[in-house]
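In what follows, structures are represented as structure tokens.
Presented sequentially are two complexes of chain A, the first with chain B as partner and the second with chain C.
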Partner chain A sequence: MLTMKNICKVFQTSDVQTHALRDFNLNVNEGDFLSVTGPSGSGKTTFLNIAGLLETYTSGEFLLDGEDVGKLNDNGRSRFRNEKIGFIFQGFNLIADLNLFDNVDVPLRYRGFNAKERKRRIEENLERVGLASRMKHLPSQLSGGQQQRVAIARALATDPRFLLADEPTGNLDTDMAQGVMSLLEEINRQGTTIIMVTHDSELAQRSGRTIQVKDGRVSEAAAFNQKAIA
Partner chain B sequence: MFNYYLRLAAISIRRHWGLSLIMITAIGLGIGTAMTTVTVNYMMSANPIPQKSEQLFYVQLDSWDVNDPFDEGQNPPDQMTYTDATNLFKADKAFRHSISAQAFAVIEPQDPDLLPITVNARANSADFFAMFNVPFLYGGAWSAQADTNKELVAVINRETNDSLFAGKNSVGELIRIDGNLFKIVGVIDNWQPTPKYYDVTSGAFNDTEELFVPFSLIAEEKITRAGNTSCWKPSGDGMAAFLRSECIWIQFWVELRDEQEQQDYLTFLDAYVEQQKQLGRFERPLDNRLSNVMQWLENQEVVADDAKMMMAMSFMFLVVCLLNTVGLLLAKFLGKAPEIGLRQALGASKATLFYQYLVESACIGLGGGLLGLVLAWLGLQSVAAMYGDYMKDLTSLDTTMVLLAMLLALGSTVIAGLYPTWRACNVQPSQQLKSQ
Partner chain C sequence: MLESGLIIRALMRNKIGALLIALQIALTMTIMVNAIFMIQDRQQQMARESGINEEDTFYLTNTIFAQDYNIQVGLQTDLNAIRKTPGVVDAIQINAIPLSGGGWSSGLQTEPGEDKDGIGTAIYMVDDHAINALDLELIAGTNFSPSDIGWRLPAQSAWPAKVIITQALANSLFPDNGQSALGKTVYISNNQPMQVIGIIKNLQAPWNGWSGVERSALVPFQMESRSGRYFIRTEPGRRDELMPVIESMLANSDKGRIIRRLSTMEETREQSYRQHNATNKILMTVVSTLTLITAFGIVGLAIFSINRRTKQIGTRRALGATRWQVMRYFMVENFFISAVGITIGIIGTVSLNYWLVNKFNMTPLGFELIALGVVTLVIVGQLAVLYPARKAALISPATATRTV
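Let's look at the complex of A and B:
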């Protein structure tokens, strides 16, 4: 479902070349819950950005849902992100000026759904994360855990094939983190493929599969891996 | 999506109301200043009779001093002598022709309780009314026979009719002017061509006259001549000597319906001048001219140079305001880089975002345009207050000007927003999402 073959990413400044990913190989199957761990600067976030089509890669081959995404232009990548990928960020990334309803509405607008369909999806997904009663609230009126739940509702609203989560519990206390993790597990059980970058080894252990990234490569499978890296 | 973008723009403008207000004020000031000067220039240079401005021609003959040419030889005299004007009039070679001059009169009302009123008058031939499309409220123009027979007839304007006859139909009534009784044959409805093209020598933006009488009455001294008079030879004593003199004080217009008529009339003018040369007049080279309405207004520089300069300066001020707006929009949109990055992650293409932020720029421009209209109106009122009656017909915003102001505001703000929007849409989403 997601296949990266020899992906390299080089950041070039005027006189310095930084290799963020080197011959990065990975295969993710439908329904996987993959945790990506590794030290800071190892290339986890670069991998996630490339996987989410937010950044291009320097060389290699990247197939997402069977499509060679390296050939997509800006419009194609935008459409692909909108239709197939949901994002969850460490900092929640809700739009402060918009209430919960309108925040969840954003990707649906770009998808071109009519008003009735958008309303149905927004209500359904806010209900799913337990915030249906607060849809007219602004993000600033919610706790961190609640804000992350809204971000999850927004990510799920378009029925994506993948959820890409970058430290989704990084800004939450333990209780809230457990709640968000449980929600992600439930989403995965319902069939959505999840790729989660995390520093938290306990959370990583709860996913079905873990890889460790070091110096821009998938260096080894962690001890708690349950499936081999393809 | 347009409605969605409008809603987002409204939210953004409300959220950052201080910054938005500064931008709207900057654009409003620029538009207001530009529109004030544009309106004055537009009104000054407007075609006052578009339906036939190409058929009305002002006639110029160079009867001036051979040793001291009029306008340093650039142009023939801007008015005509009595001798030439009456000769051309009698020759009757044009489809219509108007001989006219400014005059002055004191009307003594029949009602002894009313005080005499001083009016600006015009002494003109009968064709004047038909040639210049003068609208009548009551009655109509006098006949050509009335000109020839020097009949004591008059046409008054609506305002004078209101003063003397309380607005009633006064056709057939008599008014006393300088001791003579004139019979009213027509009352003109509201009529104010701007510029007052038929006589720019006495003020292109003055009010139209309140009283019109046959031109032939000037020679009879039944009406007092007024207006600009220029002479290059002594005119002698007495009215008869003045009429025979080389002094210029008459405006002569002809209506010619096509190019053939124009060519024929020019040929006639050349023949006339050649004939006059044989009589010892017209010592300067042949320089007869026919100028249509817009050519004549341009020739007479009705739009003053300082008005053009003011307009250029006001547009430079608008550019300065827009440059400030560019800076403010840049600050605002780059401040939204995290949101832009997020929207890209959620499926917005750069083109979509570009459209969204241009709509926001346009909304700010719309606000600036509305404020600019208010400021332009205030500016025009100030101009009218400073210059008085002379400018009052140039200081009103018509539909064209309102539309122009809005288009100018929208267009210039969207252009000003292009660079900030382009910069904002080219942010790297991954960096913005990480940093939020």
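Let's look at the complex of A and C:
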């Protein structure tokens, strides 16, 4: 489903070249729940940005859902993100001026669904994360955990092929983090592929598979967790 | 999908900035449309025809200082000499110049009596050459004959028996049928009768701002005055060549007077409407400046809004918005702000115009001018937001994952 071969990403300033990813190789299968760990500055976020088509890469080969995404232009990448990728951000990234209903509506409008279909998807996904009764609330009226649930509902509303989660529990306390993690596990069980970047080794252990990124390379690939093996 | 609902709901939660810009747009619209209305009103005034030939005419002042000067003989000698000059079509002595700002006026009435209201009329004292010299269009009746021309002496109060009036004056004197004025007797100085022997199409009064500027009368008088004006019409294209020729001829032919204040009718028109032109320029500057300030205000608000929402824009891009969709978001948002401003502006525009019309007796502005204001401000708004919107569209979707 996701195949990266020798992906390199070089950030070039006027006099400094920074290699964020070097010969990065990874294969993610449909239904995987992959955790990506590693120290700060190791290249985790760059990997996530490239995997989510938020950034382009310098060299290598990247197939996503069977498509060579390196050949897509900016509009093509936007469409691909909208149709096939769901994003969950560390800071939730909800739009403060919009209520929960409208926040979940945002990607659906880009997709071009009609009002009836959008309403159905919004209600269904807010129901799924347990916030259907609060759809007219503003994000500021919710706890961090609830906001992240809304972000998950927004990510799921377009029926993406996989979810990319960037430190999804990074801004949450332990209880809320557990709740969000349980929700992601449930989503994965229902068939959605998840790639999660996290600092939290305990949470990483709960995913089916963990890789560690160090100096822009996968240093410990395809390490299946005990839980997944069991 | 235009996201109109989302944009409106988001705007409703951040009203102050948007409302201030909307009010600025409203103020701009109010001032812009009414200023253009005033400019148009002045331009219409300036575009009115004086009724005389302005391209080939000029005038000068003949001031006599010699004692024992025979004014009547001197005047005839001068006019004969000027009329005989090759290239001159005709010449007259005249007491006032159209549009010059200085002249004579009197009330004309259809019935004698001090208790009757007179119609204010500009009086031009001229001889039988006036229609040709001024190049007026006689649309009914006849010109004066040489025997009609009398001398107007200093302190004289009697008026001649004949008069030629403009069509506008005929319509004012006889509202039911202006053409019926021909042959009728009108009264000047309350009870002195004058028979209307001719009607000319148009001859403006000396005062351009006067509501009765089209009401004029030609009276068959030559003035025995030590200071008089000669009005000269030349063949087309020969005015500038003949001005110094005639000045020098008159000055050299008689050393008992001086010739001064040569001026063309084109200069007179320019001077007459100089204030109008200046006011129009000032109004245009105000309108342009205000529009520019509003445009800068829109740019400023949009840039501020974009800087404040960089992460949000990155998130929208990450969620699948194309660059065009991001750009369109800000353009639609600006359109809504402009729409509110323009709606308030229309109310302000009509209210201010209503006050102007009542205060200064102007014609109310037309729908087309309001439509022009609406279209202009929508275009200005969209152009102003174009650069910030493009800037927003270039925000990377990777901004969404940045923590700072």
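Please note the rule applied: the second predicted complex is superposed on the first by the 220 of 230 C-alpha atoms of A that agree within 3 Å, B and C clash if a C-alpha of one lies under 4 Å from a C-alpha of the other, contacts with A are read in each partner's own complex, and residues count from 1 in each chain.
As a working rule, a contact is a pair of C-beta atoms (placed from the backbone, for glycine too) under 8 Å apart; a residue touches a chain by one contact, two chains touch by 3 or more.
Treat the numbers as computed from the prediction; the structure is a model and nothing was measured.
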item: Side-by-side fit of chain B and chain C on chain A, or clash; value: clash
item: Contacts of A:D200 with chain B and chain C, given as first, second, both or neither; value: neither
item: First (chain B), second (chain C), both or neither touched by A:D32; value: neither
item: Which superposed partner A:R109 touches (first chain B, second chain C, both, neither); value: both
item: Chain touching more of chain A, residue-wise (chain B, chain C); value: C
item: On chain A, positions contacted by chain B and by chain C; value: 45, 49, 52, 54-55, 74-75, 78-79, 81-83, 87, 89, 91, 93, 95, 97-98, 106-107, 109-111, 154, 158, 166
item: Chain A - residues contacting chain B, complex; value: 45, 49, 52, 54-55, 74-75, 78-79, 81-83, 87, 89, 91, 93, 95, 97-98, 106-107, 109-111, 154, 158, 166
item: Residue ranges of chain A in contact with chain C within the complex; value: 45, 48-49, 52-55, 74-75, 78-79, 81-83, 87, 89-91, 93, 95-99, 102, 105-107, 109-112, 138, 154, 158, 166
item: Chain A partner contacts - residues on chain C that touch it in the complex; value: 1, 3, 5-6, 9-10, 13-14, 311-312, 315-325, 396-398, 400-401, 403
item: Chain B to chain A touching residues, read off their complex; value: 1, 4, 11-12, 15, 338-339, 342-352, 428-430, 433-434, 436
